[in-house]
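Chain nomenclature is as follows: A, B, C, D, E and F, assigned in order of appearance, with residue numbering initiated at 1 for each chain independently.
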Amino acid sequence: MSEFRPADSFRSPRFAQLATFMRLPHTRDVAGLDVALLGIPFDGGSSYRPGSRFAPREIRQHSSLIRPYNPALQVSPFEVLRVADVGDVDVNPIGIEDTFVRVERAVGALLDAQVIPLCVGGDHSLSLPLLRAVVRRHGPVGMVHVDSHQDMWEEYFGNKYFHGTPFRRAVEEGLLDTKRVVQIGIRGPVYAEADFDFARRNGIRWVIV
Amino acid sequence: MSEFRPADSFRSPRFAQLATFMRLPHTRDVAGLDVALLGIPFDGGSSYRPGSRFAPREIRQHSSLIRPYNPALQVSPFEVLRVADVGDVDVNPIGIEDTFVRVERAVGALLDAQVIPLCVGGDHSLSLPLLRAVVRRHGPVGMVHVDSHQDMWEEYFGNKYFHGTPFRRAVEEGLLDTKRVVQIGIRGPVYAEADFDFARRNGIRWVIV
Amino acid sequence: MSEFRPADSFRSPRFAQLATFMRLPHTRDVAGLDVALLGIPFDGGSSYRPGSRFAPREIRQHSSLIRPYNPALQVSPFEVLRVADVGDVDVNPIGIEDTFVRVERAVGALLDAQVIPLCVGGDHSLSLPLLRAVVRRHGPVGMVHVDSHQDMWEEYFGNKYFHGTPFRRAVEEGLLDTKRVVQIGIRGPVYAEADFDFARRNGIRWVIV
Amino acid sequence: MSEFRPADSFRSPRFAQLATFMRLPHTRDVAGLDVALLGIPFDGGSSYRPGSRFAPREIRQHSSLIRPYNPALQVSPFEVLRVADVGDVDVNPIGIEDTFVRVERAVGALLDAQVIPLCVGGDHSLSLPLLRAVVRRHGPVGMVHVDSHQDMWEEYFGNKYFHGTPFRRAVEEGLLDTKRVVQIGIRGPVYAEADFDFARRNGIRWVIV
Amino acid sequence: MSEFRPADSFRSPRFAQLATFMRLPHTRDVAGLDVALLGIPFDGGSSYRPGSRFAPREIRQHSSLIRPYNPALQVSPFEVLRVADVGDVDVNPIGIEDTFVRVERAVGALLDAQVIPLCVGGDHSLSLPLLRAVVRRHGPVGMVHVDSHQDMWEEYFGNKYFHGTPFRRAVEEGLLDTKRVVQIGIRGPVYAEADFDFARRNGIRWVIV
Amino acid sequence: MSEFRPADSFRSPRFAQLATFMRLPHTRDVAGLDVALLGIPFDGGSSYRPGSRFAPREIRQHSSLIRPYNPALQVSPFEVLRVADVGDVDVNPIGIEDTFVRVERAVGALLDAQVIPLCVGGDHSLSLPLLRAVVRRHGPVGMVHVDSHQDMWEEYFGNKYFHGTPFRRAVEEGLLDTKRVVQIGIRGPVYAEADFDFARRNGIRWVIV
């Protein structure tokens, strides 16, 4: 189990060696892991500013500064759980629906191995295949969604899938138990009061801050 | 009236087309407008860091992200008011007094057409010609001035006009009803306690935050 | 005709007013134009670094520095030709094939009006719908292609359309008269000598520099 | 005494002349000064991001915006105290221990001349020679330490001196009266609960915020 | 004379101490100098991008990397000539004509002291007061002008003085012996062939590159 | 052998997965390798601008754009040689001499395993331990040194080791066969003609460009 602890900072400076999430070990062999950090370098669902395809690598670089012990909670997560960086999903940079299939398959494989996936995106459209993978195995789920937008639009330029629609699609596909969904941090401006109709109709609560 | 609504975002992506303030229509014909957004690309009154001559164009670019409905106030301003981007004042980049004449003339034309001007600067010296245009038509005005400086210096290197003097000039020219002027957000450091003398002598209130 | 000359720089500073390509007039009415500058803000065909969706707007901003007379050639293009900025194609940011349809339609409309389109992208996948629009009206064309890559790959992650395949698709669709095609500036590294097979088989010449 | 006031801003624009700390006069002759601003351009004790060797010069540039009167406290510090920019310590960019000797000597010379040194770093390892210079003349001192880390590690890659160890060394060298030391702002993450052992053992208080 | 050599780089690291041009000594006492480096932090004559008011300070910072011996010419200029950084002209950031008076006065004082001024701007309008100072003492001069523009326009928004007019004004004021003037590097685009008329009429030669 | 080819770009987008040099496989097991890419993230020998400690990671990121076939030379290096990214040397960020020991040991281990080390620095002081490792095994070597400086100074602030001295140390330690050393690209400015004395005395040739 010791090989799943972060790199010993007294042996290797933090800026040295290949960058992994929080300097955790990298492995493709997930057997025995408790948690897998999985990158999803995809921004093909962005309506405005792309670039989050580079996010998993950048987060690997910058998370080198994180240390393993939280003095407020008095816990060393990586002593308690076996955590590793399992690399990235091989997304299809040009195809959002093919990417969804690849993401659902990769996450599903982790779930089937009893490993908790902790995904690092990527744009918000990716929440849909993540929910599909989970729900297909465990049934509809509640959700605490922290965001400034509801991401429940109907479509965008005729596209059913982009970063503004994942939770409408999730409701339509029966992935969410809407009574147990709450959206926190919602704020405007939006296009019209009607933007909130879908959530209202489906009994989803939200908190404007 | 419908042509004065912002571009339909389901037809044109927000990053497409010529940039206008908040994606509003651009027109030079102000008849029938309620509010005109007017750029003033001038920084010749800056004592330290110039560059705000590029501000109207940059604000046009970045305001593409604004959406038309405010869910907290439950209002769609562009449904209630006819608002347009009427372009920029043709300032004189090298001459502050000539620029003041041009600004006063442009803003005055809007006022004469019963259009409310909403100006996007530009450096703070421009408040003086704006006040001149308004006061010449409506008489002295009160003012709520939100700033960290009073902008009531006497002069700067022998210049009566720059971004640190507009409100002293405004008082001297009788443009402000000083009993109804309040300056909010004033803070130091300044050069000396005497920097506040002009406001004190003229009965202007200010709030140090 | 005079309204299609660039803005008079002695009336309006170059950093003022809404940005158009080279400060040319903006119009949606193309009748009587000789040349139309048309933006195509699309980067959904990029395999590596997206962002060219913002290129048309940025080029509008920065081309304000261009002046209208070329002293080497002793020509003022905008005196000889009526040129205007006709805005952008309303692309589909999430859908490359739908975008191709929109681009072909917009460019075709210009061609039908006897206006020469001069397009400002956008990623290189857009060359395909441009060729389709031209060839459908004029038959197969020769091409001088200045690039460091041939953009003649077979596919990318199963996608037939992206910025590495437009000219293979063009050959397959019969859009190019391959005897009259030359590619200038081609250089490596590439993936294998076989990357050049398609051009070789089709009699396309290229110059490695 | 008047020569130690900041440059008269009505004579010289703030962006003009050689940059000194807060536009104060520069002198190497410290006789008669009350406070000396002293740069220490050294970052050889940084374990992660170097670059603070450029900090004294950058702070000189950017502090040009500071004005001499504080209206909240109603004080003009440079009227009350003779303050000057006395330049930088000539550090040894490659040698941390030689740099410590040079810093202690420079600061000691100021103390011997009855001038209060106000040092502008530079990385946090420099606190050790500063304490040495003071304590050698005045005996052990209390300390209010505002930081997010305690900087009381044992060593780093075998080095006793770097920006994570100065206060452990200071305690070991008897420079601090630990009963009168408080560290404010300490927060995680750290490496282990044991990181706090040294402070605990030595009766040093800290406040986690 | 030795005090006018650059700082000894074996005593002070190059990034340390107040920044002066090429690490030369700073003095206001010009007696005995051969060459004076004089900053002119003014950009009030810029028609497009201001900011060169910060240039003298930035050039001080970055010229720290220059070393004193030129191995190609086998000369150490600062051994042969007494050179110092004499600070900046106290320009008037808001007033171009007042700035011209200040520049001419400062440069004239150096000339009167038999010191060669080497000025670091600042925008190109400043060439006019420099020529005035020289010509008033020595009579009309020839000029080798390396630039991409002739800077011989008539005016700009009604202003006789800005960075596009200095050499037309210089000819009009009789400062240049036009037979001995050559402009190297001129290129387009410009506004019209007529832009070259003034030079043609006055017998000035130029080289388009 | 196939596992030492670069990642198959038709399976994984170039911006995905942990970054390695040129997307080569990462391994700590060097047996059977022909060439090992080894990072040395150390900048403690820099006299001016530090930061190259981050270079190996940044080069890993950006070299993702390199493809495996060179069409000019008609060679695929990674088909001919087994090449891998073997990670970084665990340098001592605060100690240059300890770092030299670590570098020499790491490089020596590769040499002993008959693997050609290809090192990615890091500042230029690191050439010294690299030469030591090679020469200790193979005897004095010739050298083609491409640089703008000779890096043959005597010392810097009393330090024998920094990025300006490695080749003087190398000559003194007998590591270089000076008859077979040539330095290409040398240019000024330098401090004095005497800067070239050491090379002259030792019969080293250099080319000023």
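Just so we're on the same page, contacts are C-beta pairs under 8 Å (C-beta built on N, C-alpha and C of every residue); 3 or more make two chains touch, one makes a residue touch a chain.
Small disclaimer: the values here were computed from a predicted structure and weren't measured.
In terms of the stated touch criterion, the partners common to chain A and chain B are C, D, listed by label.
For chain pairs C-E and A-C, the one joined by more C-beta pairs in contact is A-C.
Distance between Cα centroids is largest for the pairing of chain C with D. Spacing of chain A relative to chain E, judged by their CA centroids, is 58 angstrom. Between chain E and chain F the centroid-to-centroid distance comes to 43 Å (mean Cα coordinates, whole Å).
The mean-CA centres of chain B and chain C are about 39 angstrom from one another, to the nearest whole unit. Annotation for chain D: residues 13, 15, 47, 53, 93, 156-157 touch two or more other chains.
If the chains shown are joined wherever they touch, the resulting network has some other arrangement, not a path, ring, star or complete graph. Pairs of chains in mutual contact: A-B, A-C, A-D, A-F, B-C, B-D, B-E, C-E, C-F, D-E, D-F, E-F. Remark: chain A residues 43-47, 50-51, 53, 92-96, 98, 156-159, 161-162 touch chain C in the complex.
The touching residues of chain E, counted against chain F in their complex, run 9-10, 13-15, 65-72, 74, 76. Looking at the complex, you find that chain E touches chain C at residues 47-48, 156-157, 187-193, 195-196, 208.
Taken together, the chain D residues at the contact with chain E in this complex read 11-13, 15-20, 26, 39, 41, 53-54, 56-57, 60-61, 85, 87-91, 93.
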